[in-house]
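Sharing a structure with you now.
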Amino acid sequence: MLTITKTVCFSCSHRLYVKDWDDQKNFEVFGQCSRLHGHNYVLKVSLKGNPDPVTGMIINLTDLNKIIKHEIIKWIDHKNISEQVDVFQTKTPTVENLCIAFWDRLQKALPPNCLYKIALNETENNMAEYTGP
Amino acid sequence: MLTITKTVCFSCSHRLYVKDWDDQKNFEVFGQCSRLHGHNYVLKVSLKGNPDPVTGMIINLTDLNKIIKHEIIKWIDHKNISEQVDVFQTKTPTVENLCIAFWDRLQKALPPNCLYKIALNETENNMAEYTGP
Amino acid sequence: MLTITKTVCFSCSHRLYVKDWDDQKNFEVFGQCSRLHGHNYVLKVSLKGNPDPVTGMIINLTDLNKIIKHEIIKWIDHKNISEQVDVFQTKTPTVENLCIAFWDRLQKALPPNCLYKIALNETENNMAEYTGP
Amino acid sequence: MLTITKTVCFSCSHRLYVKDWDDQKNFEVFGQCSRLHGHNYVLKVSLKGNPDPVTGMIINLTDLNKIIKHEIIKWIDHKNISEQVDVFQTKTPTVENLCIAFWDRLQKALPPNCLYKIALNETENNMAEYTGP
Amino acid sequence: MLTITKTVCFSCSHRLYVKDWDDQKNFEVFGQCSRLHGHNYVLKVSLKGNPDPVTGMIINLTDLNKIIKHEIIKWIDHKNISEQVDVFQTKTPTVENLCIAFWDRLQKALPPNCLYKIALNETENNMAEYTGP
Amino acid sequence: MLTITKTVCFSCSHRLYVKDWDDQKNFEVFGQCSRLHGHNYVLKVSLKGNPDPVTGMIINLTDLNKIIKHEIIKWIDHKNISEQVDVFQTKTPTVENLCIAFWDRLQKALPPNCLYKIALNETENNMAEYTGP
């Protein structure tokens, strides 16, 4: 199998909390992440495929960049994702749920059957990866 | 000259804006940084001195860690610094002003004449350094 | 599939040698690694699972941290693993064998069927990965 | 499964273009990559296997290094791969095609059934991975 | 003193050679760097100054970005600098000479007395820094 | 001023302790660093000078590499520096004292008045820098 991976960065604020819980319960479960804070996220989007026999590319990275910018960066960068991004009104914006949300958006915008993996670093030490449902 | 440098990380949210300006003016000056977002900051604290002839250390890093944790991490980590940190009620929390604020706090907590430099990365691509007034 | 990965660092000394071999034979096989030296290891522990529908987490990272600290860091950090860590009395502490040993310890301490991968960097240029027997 | 991964770096120049196309068409498809430029490539070669019961190694890294140096570094480092490397006379030297070419060369030089993955970064943000045909 | 540093990346090809020397002499002095190859350069531009009392910025990073893009990136990125960039027709494009050339161009484009340092990595292991004549 | 910096890595074991102190006192002062452990050190050697008008180099990096390999790597790499390296029989091998020892050795081996700075990372988070007595 052959994959191509594009890395992009963006900066958001969020907090991890469950709306039905009070502050104390949220702090017990999420610790200091229950307070509003933020991260420089590093996102890796991997596509699988065969290289085009003429160009040698699985996908033109210029096209992939445009799709990632439109679907992810424009949607989420420099925002408070706990308040301003629709999906995270009902789902906690953990690094796991961010991966799944990114997959869902990119899956629809990319050619069929090429999205292979979403990898997302919240910090250098916390990362999630998702290869689809 | 000999220096020792300790690196620590923390994650905050902030926005860059001037209270007296409206949203449009703030966006013109600060761009998307005028919206609430966040970063993984990387802070390097450098001290100068001579190594102790017995221990070979300028300062015991355990002690330096305690001071950085007490003065910086406890003060600022996992907070919305534009709203919750006193200094930044009146000063914009740019990476430059954060450096100066960190210098001021550490200067008072450290032995005299040893603080040499504060270096702060807001992202991998934006950094400020301060060596005192 | 969805995974969450936690990265931790520790610093050990070790040497690669076979007790039944003399120094010359050990040097022929292991080169300068047959001499006592050390590394800053970077360990990535990956768990698979579904995000909890309420918290959005595969596992609470605070819990995962505690398990890694108890099972790995406390067991191995700032030690001479060739001499002071039981497993490596009979097995050479190569990066491959370290991965397997970490898997065995974490497997027992974590909930069943969630450990997915151990990745261990001995240096920036040498790494092993293990996904279980 | 257990794998061992060795990382090496090399520096080449290349351009992405199709010989039958004129400059304008090449620029439309490959953008500024259609002009002669260069990269510091980072190559990760992963081998799978069981650790030798005596040495604890899948492969002696000294041997793996020699093979990578002979097959890859000597072949490609500090060259203009679009002009001076045979394979890329007929194939565009995209990061995808480089991965496949590296696989083909290493596959023949390594013991059978041990090569597991080729990962190649062209920049920090563009990477391809190949696990064989 | 307070400085702000912006980091940018670009990818060029070059060769180190003296036109009056033959290939053998160039290889003796510059080794394999006498052959056409390339790098991902990492450039850090540092400016000194006082933070604006209202905005908290030494310089608006949007403005600094524009200047760096116009003076450096547009001038040099994705080019063969040994052939296509005027300055390096008469000066060898070593990392040292690149620093000096970048200083000269940025110095003229920036407000007076604010440029503080140019730092340029040719690889992770080779870097030059220049603070002016 | 213009400087050129070469980065090299090496791996050693050491322990921080004072021979005249008992284990408990050493643990009180040096913590777990009083136990035998190890690091991947990252050393940056900076030289100042003017670029040669013909070659454009402050120093030929091939020559600098040879000197660093002979004076530092051969002297210290893959050793237990607390036991096997003469200087550290009487001086604690802290990152500060290592910097000073490296300066002293390189100073003698390099042309006069060109050594500018020694920077040494013991881990990603602990570093010392020395610019001479």
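For clarity, chains are labelled A, B, C, D, E and F in written order, and residue numbers in each chain start from 1.
Everything below uses one rule, namely that a contact is a pair of C-beta atoms (placed from the backbone, for glycine too) under 8 Å apart; a residue touches a chain by one contact, two chains touch by 3 or more.
Fair warning: this is a prediction, and the values are worked out from it, not measured in the lab.
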| item | value |
| --- | --- |
| Maximum centroid distance from subunit B, chain identifier (CA atoms) | D |
| Rotational angle, Cα trace of subunit B fitted to subunit F, multiple of 5° | 120 |
| Candidate from A-B, B-F or D-E with the same interface as C-D, over half of contact pairs in common | B-F |
| Distance from subunit E to subunit B - Cα centre to Cα centre, in angstrom | 28 |
| Centre-to-centre distance between subunit D and subunit B (centres being mean Cα positions), rounded to whole Å | 41 |
| Distance from the mean Cα position of subunit C to that of subunit B, given in whole angstrom | 34 |
| Multi-partner residues of subunit A (each touching 2 or more other chains) | 124 |
| Interchain contacts (touch definition) - all pairs | A-B, A-C, A-D, B-E, B-F, C-D, C-F, D-E, E-F |
| Residues on subunit A engaged by subunit C in the complex (per definition of touch) | 16, 18, 29-31, 91-97, 99-100, 124-132 |
| Residues of subunit F touching subunit C in the complex | 9, 11-14, 32-33, 35-40, 77-80, 123-124 |
| In the complex with subunit B, residue positions of subunit E that touch it | 1-8, 44, 46, 51, 54-58, 60-62 |
